[in-house]
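Both complexes below contain subunit A, partnered by subunit B and then by subunit C.
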Partner chain A sequence: MTRTEVIAQIAIDQSEKKRKKFSPYIVTVGLLPLILLAWWLATTVTKSVSPILLPTPESVVAAFPRVLSAMGFGDQVIRTLLEIAGGFVLGATVGFFLGVLLSSSNRLRTAYLPFLSALEAIPTVILAPLIIAWIGFGVEGKILQAAIACFYAVFITTLSGLGLAEPSAINLMRSLKASRWQVMTKVRIPTALPVIFGGLQLGATTAIIGAIVSEFIGSTGGLGYLMIRYRGGYDTAAYWVIIFLFLVIGLVVYLGIWYAERKIVFWRRTEITRPDLEKQ
Partner chain B sequence: MTATTTTMPPTPRASAPLVARESLWSRIRRGSLWISITTVAIMILLWEVIPQIGIVNRILFPTFSDTILGFGQLVSGGYWWEDLGKTLYAVAIAWVIGVTFGFVMGVALGISPFIRTAITPYAIAVQALPKVVLAPLLIGWLGFGSESKIALAVIICFFPVWIDTMVGLALPNANEFKLMQSLKASRWQVFTKLQLPSAVPMIMVGVKHALLLAFTGVLVAEILSASDGGLGKLAKEFASQLNMSLTYAVVLVVVIIAVALVSLADVVERRVVFWSEESRARKR
Partner chain C sequence: MTTMTQTAPLVRAEGVTKRFGSGEKEMVALSGLNLEVQEGEFLSLLGPSGCGKSTALNIMGGLLSATEGTITFSGEPMIEPRREIGMMFQQAVMFPWRTTLDNVLLPVEIFGEKKKDYIAKADELLGMVGIKDFRDSYPWQLSGGMQQRAALCRVLLHDPKLLLLDEPFGALDEFTREAMNQELLRLQAYSGSTAVLVTHNITEAVFMSDRIAVMSARPGRLVGILEVPFDRPRTPDLQTTNDFVKLVAEARRMLELQ
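Our next item is the complex of A and B:
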């Protein structure tokens, strides 16, 4: 940096400091009571929103202990979590290994590329009625549905991530007599991990969706089954309690994978910075 | 300097594999086309033979020829065109509404870095919530007609457009912003001449993704409400009657439509964002 640049930098920094009186996260926190207030105004006060869609906040709060202490509630939660976890692990494992397999051969990759683009397009929910007809309303069907839903994201991110390695790095490894296995574990997979984690994050979200949809359509238990039952009894407040539960599940899974990525892939941050405020 | 790196919800997305498109001729010469054809042939053969020789139950797993017959039966049924039309109509309307809504929201919330940072935790929450949980509620509220389908599909599909618009508008780097400012560009000029052109390729990805999500949303609503018609309803009804060859046929149709929609979106994308790096690389 030349001296003029430094001076200009300081001037910019100071002007920005002056402009930024408070952190944007104050607005974030401040929005929450506003949203709750809007909810309260729309339901309790003005009654402009149908209670079938959105119940009053009071009734939802009152419904919490009722839903959480209902008979067998814990079993339903565990069942749904099991379906999501089982489907995610199954789908992600298959996706990862298929991705590794296809990335090992250029010819295979070009041969199967058209089918892969087709796989991307398929809305997997259409398979839900089929799967129920095949293996019934039990846990296995939900796991299969969740696995199918999350398979593609992990597979395709593995495949494209493994292709990201620098050719020069691979050449260096080869010239040092590294085996294919070593090139894979020391260069290709480390380069691909940030991308794969993106796929895991998307895959986890879609696995949750797969499990819920399958439970909605027909199930002998689980949170989706409970929701259908509550809606049938027009107990919308209880329904919203489970929506919040799913929000928590979704956030925990999402942020959990994000956290795992930051711990495991410490050598590369994939976060998107704000380039417009970035300093060179 | 305060490090103002904000973590936008890292929109996880399965990007297309980095494989160059090859001409038909080079695919034949290198043998990859033969692998494709052989694979398809083997799969159809297995599909045909395995139920025939009784490894799996033919009623639950109809053969390829059963499925083709089921397809003929499906297309000649009087309900077919109506159900197909209902699904496509709902997807189209929901997609247009979702994309418009997502874009407007993305511009409104993405134009200022301050608002963008403030809104990020909420965006993450919206992303983490599996939005299909709203399906039974929407059906209960809006009834079994096309409104509930469209509403669910809009809620599901606006999200990627919103996030991609927001992220896309933040893509130009600090130097580009400074150049614009030093040339006395107005806020509007910065937006139309710098931010928007660099955001459009990203937005187009979201728009394409939204098309598939809208399709998914419509199918979920149809499978769940099962009275207004549509492909989802057909699949569910045939499956519950254990009429599996017709169910297979409906699934096949859904796959074909989805692939066609994506290919169409690809073509449009290439026309619209001819200036993006990717398109330029393709022309070279």
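Our next item is the complex of A and C:
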């Protein structure tokens, strides 16, 4: 399998996975108390880990009001959310349209797919200082960084998803003399949607990573910037508060996309009810 | 060409050959097909798999181009699909994001016409095949037979002059298939379309057709034409008559003669 196929397969698997409803939740919910218990035992009870490396659960809980009520905290959160959302929307849009464009032309695909795939191999950490040098420490650079981090997942899943339409469906459209545009909008894109949503889930995660890493490398604000400051002051508990905030952001984004997929790709979710008896 | 009829044929194939691939991998799917389809008739292309019957049908529909020979529709050369020709395939091709009604109305959208002008017609057709109650259901809520009924409504929505049917009920069970064949004959008579059916089922070909083009495999070519003189409308009882059994035997003999 090539890299492209692997990523596409992951996206397909992801969209497939969400169909099984119960067992994954039980694992998630069951794992959480276990992790908390292990954490509590390692820090508060046995004191085997230094609080600078890993703070106690109590101190993290206690740090929440302090961090959340700190001066300008809301602005930092909004800034990071804006970077993630802006980067995601920009990256996903560019990824989707590039996918549509390259799927419609073999020549374009042959010419640009290797280039785009190679671009994806450049790590965010390496790109971040360059983007800062080009357009500064501001929000725009972070949006660009998040967009670059997330476009590829959406692009590659769109590209492979658009090829999934059944030959019989394409033949039907051809027999109706449908235009290429009609085949694209009425068959190829709807067929690709479940896979594209897999790409959007992947892309949302990488957009968050892109934004945070970029803030870490150099920024004038945002949650990543706050983390650097807390780390500098050895305020590990506050640092962990922000890690939890990212978990919450990740979860909310995941649920948001999951909900949108349920609504938009409704035909994949609904119970299949086939009457066994033919109505004559 | 045998006897010339008064009207010009709707479809005329002259020396139609189709080759796929080239060099050593070249495969002759269809070799020198000469065939005329008369307006209003029901013609079957009967033969084993690999005899080029589907290839011939796809060339008639403009989905494939002939390597050699010419094919005309109403006297005009076929160079691309035409909207007066409706095609049905083995798969119903119902899009799961559309309701049954919206699937049936798909051609209207493609042709850029107003959907609401065709809703009454679509409802009428859905009623005729007995699935009007399912007009707002999605395809995955329908059985395979019901999906093909909807596909039949979709292809008839625009009163195509020519129906090209590529084993449309081949994936259905025997009982549903017989019922569907009845529906097809009834709707074809009602719409007055010309029909070309691809099948490998001898009984089905005899029951449905006015004429049967018997074909043989590798390379696919026409063996002969069998006239089926039975009156219409035809009922399943026909299949137990001596004349019917004789024609089936005759078709079988032609298939084995190759």
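To be clear about the criterion, the second predicted complex is superposed on the first by the 228 of 280 C-alpha atoms of A that agree within 3 Å, B and C clash if a C-alpha of one lies under 4 Å from a C-alpha of the other, contacts with A are read in each partner's own complex, and residues count from 1 in each chain.
Heads up, the rule we're going with is that a residue touches a chain if its C-beta (ideal position, glycine included) is under 8 Å from a C-beta of that chain, and two chains touch if they have at least 3 such contacts.
Since the model is a prediction, treat every value here as computed from it, not as a measurement.
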First, second, both or neither for A:168, with subunit B first and subunit C second: second
Partner chain(s) touched by A:233 [first = subunit B, second = subunit C, both, neither]: neither
Subunit B versus subunit C as contact partner of A:190, first or second or both or neither: second
Subunit B versus subunit C as contact partner of A:177, first or second or both or neither: second
Subunit B or subunit C, by number of subunit A residues touched: B
Interface residues of subunit A shared between complexes with subunit B and subunit C: 270, 272-276, 278-280
Residues of subunit A touching subunit B in the complex: 13, 16-17, 20, 24-25, 27-28, 31, 50, 52-53, 107-118, 120-123, 125-130, 132-134, 152-153, 156-157, 159-160, 163-164, 195, 198-202, 205, 208-209, 212-213, 216-217, 227-228, 231, 236, 239, 242-243, 246-247, 250-251, 253-255, 258, 270-280
Residues of subunit A touching subunit C in the complex: 166, 168-169, 171-178, 182, 186-187, 190, 266-267, 270, 272-276, 278-280
Complex contacts: residues of subunit B adjacent to subunit A: 1-2, 4-8, 10, 12-19, 22, 27, 30-33, 35-36, 39, 60-61, 113-122, 124-125, 127-130, 132-138, 140-141, 167, 170-175, 177, 212, 215-216, 219-220, 223-224, 231-232, 235-236, 238-240, 242, 244, 247-248, 250-251, 254-255, 258-259, 261-262
Sites on subunit C touched by subunit A in the complex: 61-63, 80-83, 85-87, 89-91, 93, 95-97, 106-107, 109-111, 130-131, 133, 138, 140-143, 145-146, 164, 175-176, 179
